[in-house]
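Step one of this worksheet: look at the structure below.
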Amino acid sequence: MPPSATWHPLVAAALAEDIGPGDATSCALIEAAATGVARIEAREALRVCGLELAAEVFLRCGASLDRSSTDGADAEPGDVVATIRGPARAILAGERTALNFLQRLSGIATLTRRFCAAVAETGALILDTRKTTPGWRLIEKYAVRCGGGTNHRSGLYDGILIKDNHIAAVGSVKAAVERARSRGPLALAVQVEIESLEQARAALEAGADALLVDNLPPPHIAEIVGLVAGRVPVEASGGITLETVHEIARTGVDRISVGALTHSARAVDLALEWTERSGS
Amino acid sequence: MPPSATWHPLVAAALAEDIGPGDATSCALIEAAATGVARIEAREALRVCGLELAAEVFLRCGASLDRSSTDGADAEPGDVVATIRGPARAILAGERTALNFLQRLSGIATLTRRFCAAVAETGALILDTRKTTPGWRLIEKYAVRCGGGTNHRSGLYDGILIKDNHIAAVGSVKAAVERARSRGPLALAVQVEIESLEQARAALEAGADALLVDNLPPPHIAEIVGLVAGRVPVEASGGITLETVHEIARTGVDRISVGALTHSARAVDLALEWTERSGS
Amino acid sequence: MPPSATWHPLVAAALAEDIGPGDATSCALIEAAATGVARIEAREALRVCGLELAAEVFLRCGASLDRSSTDGADAEPGDVVATIRGPARAILAGERTALNFLQRLSGIATLTRRFCAAVAETGALILDTRKTTPGWRLIEKYAVRCGGGTNHRSGLYDGILIKDNHIAAVGSVKAAVERARSRGPLALAVQVEIESLEQARAALEAGADALLVDNLPPPHIAEIVGLVAGRVPVEASGGITLETVHEIARTGVDRISVGALTHSARAVDLALEWTERSGS
Amino acid sequence: MPPSATWHPLVAAALAEDIGPGDATSCALIEAAATGVARIEAREALRVCGLELAAEVFLRCGASLDRSSTDGADAEPGDVVATIRGPARAILAGERTALNFLQRLSGIATLTRRFCAAVAETGALILDTRKTTPGWRLIEKYAVRCGGGTNHRSGLYDGILIKDNHIAAVGSVKAAVERARSRGPLALAVQVEIESLEQARAALEAGADALLVDNLPPPHIAEIVGLVAGRVPVEASGGITLETVHEIARTGVDRISVGALTHSARAVDLALEWTERSGS
Amino acid sequence: MPPSATWHPLVAAALAEDIGPGDATSCALIEAAATGVARIEAREALRVCGLELAAEVFLRCGASLDRSSTDGADAEPGDVVATIRGPARAILAGERTALNFLQRLSGIATLTRRFCAAVAETGALILDTRKTTPGWRLIEKYAVRCGGGTNHRSGLYDGILIKDNHIAAVGSVKAAVERARSRGPLALAVQVEIESLEQARAALEAGADALLVDNLPPPHIAEIVGLVAGRVPVEASGGITLETVHEIARTGVDRISVGALTHSARAVDLALEWTERSGS
Amino acid sequence: MPPSATWHPLVAAALAEDIGPGDATSCALIEAAATGVARIEAREALRVCGLELAAEVFLRCGASLDRSSTDGADAEPGDVVATIRGPARAILAGERTALNFLQRLSGIATLTRRFCAAVAETGALILDTRKTTPGWRLIEKYAVRCGGGTNHRSGLYDGILIKDNHIAAVGSVKAAVERARSRGPLALAVQVEIESLEQARAALEAGADALLVDNLPPPHIAEIVGLVAGRVPVEASGGITLETVHEIARTGVDRISVGALTHSARAVDLALEWTERSGS
């Protein structure tokens, strides 16, 4: 998990927007002294992610969460992933927010797992992108890791990726790579987006650490992979789906980045079921 | 749009997580004095949502956004929805974050529009739920409105919704409705989730303002709608999809709430294209 | 009590403004190792409110508070409501801030209790208003509940109240109520401020959920109450005092809202007395 | 006014708690394009305070405030103190919060003015205390100045006030004053609360800069004033009211501190009246 | 130590800027379950300051710090000042930030101790100034106290210091002192910066509580000290170094303020050494 | 400059800690309407850094700053670097905070310039470290760039640096480098701290991107440089001073990192002088 200081504010914001001045229904209907036990269960096959966030949600509501699974593990329909204990009001207050975190993050992990499975035999890595939900960058990238994926850079600050606009501004692939080397942060690798064999050759000669081919057809990608011949990693990107990822992987690329992992994963089905209730 | 004070912190967080200490690539490759103009274009048919957030993103980066569409309008592939002007570094710094907001919110608006279209002839309203992205509650509900949908309560504080756990705690539908009336906030309507004709009858007699039927088959829903006979609105919910929503609507329910509007909308395709560049 | 996340920032701000860089007197005169025990006592008859805030104040200063009363209970002069234990410096640092919270909130609860007592035989409810101390909305509304009062809406977001300006903008009471019904949030009741029998009739016909009569003389209020005949609740407001509230209640109104509960309650007398001291 | 950074957060909190996700009534009934002009008028004789806060409230809502009075000026019933212009929704959104600030702060200024008038002939200064509304310390002290009063220390950090507990901890008035001198911040005067002539004598000998007599009867105060003979200022405090303040002042004390200025001032009557409306 | 609420945000900011999304090296190389023990040792003779900040740093990282020295104590090369225990990743994450706090604050304490030692025989106090590191005011002033120094005012709010610009604005030393007396906060002493015997005389006559001579040669200072003859404290300031401070002190001034204590102290040498490691 | 969002909070904190509730002296002595003009002048030869922070300080106080120099330029004694215009109270309120920023950051830039000059002929780069003032990381690294230095990683997140503890945990240099490559972020270079020729050889073979030699004597460093023979950059560190840096550079190392640039730079002398005053 990323450092808690990076996601605690999101948990606070999430509870504030859902509970606001108070849970009108539960405050009217549930006695303050009533307690309960509830379980969070998988309702479909999924890869679990987000238990620490769910635990923090319930903690802030006054209940406690015990895990019976871990982030990165698989769950089958009916599997219990966590048990919640505490005041009934606290469980009801945290339920929706905790599930919203779990369902979205597990959805990303589950989708990532599918992409990884689809290319497993090829050795290609599945990477995420910066197409994440604003405010969720680090926890979505964590979900990708839980799904077996590999993280691309976290943001604009911890990786150099030279795109067409940068090349246009500098004048050539060669000039762009050299300038990135000499003026960019010392510890950052320099990746270049290239659109042709010629650009690939220029990037290699200029000393690029990795290449990116965006939205090229598989045969074209294969040609570039052949040219590079393993000297640096080649990454493919551009609207890649579960249907097309295997064909892309078979071109021999080392890395495949998939925006859909984070921008279009659907929430998976997890539900909270009460198992005990007392004193209501 | 919700009050800016409610979403400005999310914009700040989004930029902070993407840019952090700085854009390593652009600072190395783009001169501080270089300027540019870029357009945000639709790449598929979609309902626009999020222009004010995108404008705020670019403003904070030092560029400015002019709209050529409005939230709630439809766009065809190729339509320009906004034009950005300013320092090239500023445009590059804000690009990904602005698109992440626009693509997700327009995705929700677009999906909502489809659900609304699917039930248009029936008069049923399409409602959202509390299954929103944590941190995004108010802007996602705004996206639902842009798509033609209707908002359910914003959170636990501005609507009373008595669910099975509440009824179990109090003992009966009747007791639950009465207690909500007498102890709940004066200005909030009381909606009850019911599972049978008998519960529906009890809720009506106890004076409920609206009913909710969750995960019942259409014929069962129709029976309840018949019993209620228009005295209070009836809402249906539970895993409803674009494929099933029309059948649900034909039962005569007044409202259909769809968690997928917000928890599983895919991002729609919007892209930023440069049209001018100078001084790089 | 409202969720702690809603009032913790106020406690932090209160301590920061009183203590700032440090308690100059105590740091000079009291040894860090000195400890003490002190009691908070009522100096007049009052309704207690604010113990959880006082406890949080002392907790943040490094002392602990044990309650011997509860919010919503009555205290006679001399009654001990809480005992504080801890470092002498911590008790001295928190004393004024804790008392400031307790005295103001107990003042509101005490005044509310008096208003409730004044109308007890009539069955009318005493309501608060939005005339609260900025920054204190939720805790002052809690104090009203502790005094036996009933909360009106928390803010502009959780209740619809159509006032003269809204009616003027829309054109008629009828149009205003209908528009509020169709465009306002689904779960919010629609209350209308009316000034005449005619407006009352129009509001009822348009389906208003509650009426408000502001600053009308009792006979006029009684006439409106007669017209409404119990179909919806009628609320009276407008400069109502402990002297006039009984006459208002006798008109038969269901609810009486009193701005003075929160905007003009005087602080009640509670004081901190040391009972033990050691190691100074 | 205190630095804006010290009270801007309170304005933000006040608007957030009143408006939250949005003004349900106005969003339903008032068109976004409607504009208006409104005046804030005094409804009773009062001393104005809080115009800069009210201006900030309306600014954040999207309207603008023009002053026709100034903080510290007197207003008669019917006097206009400010005019608001802007979108009708913006004026309605800010109205209650702006008035809540103005009514409370003007209430404090008005009450302070009365206390000052009551002792005008004696030359005694009227001082505030630390019995302020938590979160409002600096603006309430500003309101006291607007009313003609003088500020005591802002908090525990910018003045030394040795009370009975401090003396008990150190052992004697003499030891307490000496320790405060040698260990306390260099730039802070040392004031001592004394209960007898003997203690007054000891404090003077030890070099106290000012004395405080709390809850002593006027003859006793006069005796102490006589002893001190103008060498240092003498302050009286303890439940002083408009009825008793003159008698206290006639004892010859230099300063009279009154907790009621801030803890029990009632809100004065100011109201917002619309004068123009268009485009609704 | 100043109240923790005043420096906790700095600790949070310090960790955020160093760790950000995570410690790339340790997350890759150190197992999550690995634990360790490390010691913080002095590498030169120094005065310790900052242990509570270091403890907070490690606490937030998930490790714990046990002290074997205290703030204000002296350490010789090789002395262990604290021991850290916890997950190896936590110790590595907090190491640099904790040392950065300790090295800077101990550096200030150590330099202050040297200045105090240089004037020990004279009885002059060594004071700090407002030339502190922005964001560090209170903890740097604490470090000065740990070094044996005395704090000047904390900021512009808790002491009156009339400088040349103030005198120029008012017209004369006399007018400036009188106005400060009558309009300034009651509890603050009035110090005046004077440049000549004549000004010193005027300040004394006007009732100044303390004088400041800035950048005058020692004989000139001595003359002023002679004139004042102990009636009020005299402070000297202006580029005073370890080399010159003794000569300044011998003029008989009571206080010597030294900006270099905080603006130019070098970091002292403290290092973290591992003593145990397991489970890596 | 780093993004303003990263340092605005520090400016706010700095003003809050210096001004707090208000400038007691200026509020008493300077009329609100008085205005002035003042210049910030260099009092010694220095490299300028921090003008944007100083401008922000004065802006927040209500004055404006015009630059007559730029960050990264050199100034001689007497050179004016900026002119401030505005209310006299605003200039006095911002003076100390603005100078504190300028003096410290210019001090770092000036010291860095000296280190760069000392090695100019060798081609070695002067690097900073993570030994920065907590809360100041990004602006101190900016000051290093203004002085001609080169930034090492910003924090633990944007560069991999394998130290002795990491090697000990993994078992060998080879294993450590390989694990960093396979498990660390894709875009980060892998630097290894080595202590011997043997370790250098192992690191090169394992594919390290850069080496670090810490606290080795120059001949030993030269030997390692010889072994590496330009294949990867070699960095030297460890207590390097202006006296020793040239000898280190002559070993042929590519980079020299100097903690003293940020942890022990002394403030340079810049002062604010008034040139006009009116209406006081």
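To keep things simple, chains are lettered A, B, C, D, E and F as they appear, and every chain counts its residues starting from 1.
Criterion: a residue touches a chain if its C-beta (ideal position, glycine included) is under 8 Å from a C-beta of that chain, and two chains touch if they have at least 3 such contacts.
Note that the structure is a prediction, hence the values are computed from the model and not measured.
Note: the chain lying farthest from chain E is B, by mean C-alpha position. Interface residue usage between chain D and chain E, two copies of one sequence, is largely shared: over half of the residue numbers at the contact are used by both copies. Superposing the C-alpha atoms of chain B onto those of chain C requires a rotation of 180 degrees, given to the nearest 5. Of the two chain pairs considered here, A-C and A-F, the higher C-beta contact count falls to A-F. With centres set at the average Cα position, the gap from chain B to chain F is 45 Å. With centres set at the average Cα position, the gap from chain C to chain F is 53 Å. Along chain C, residues 19-22, 138, 154, 157-160, 185, 188 each make contact with two or more other chains. By the touch criterion given at the top, residues 2-3, 5-6, 138, 154, 158 of chain E touch chain C in their complex.
On the side of chain F, the complex with chain D involves touching residues 12, 15-16, 19-22, 60. Those residues of chain B whose C-beta lies close enough to touch chain A in the complex are 9-11, 13-14, 17-31, 34, 88, 92-93, 96-97, 99-101, 103-104, 107, 130-138, 154-163, 165-166, 168-170, 176, 179-180, 183-185, 188, 259-260, 263-264, 266-267, 274, 277, 280. Across the complex, chain B meets chain C through its residues 127, 150-154, 157-160, 185-189, 191, 210, 233, 255.
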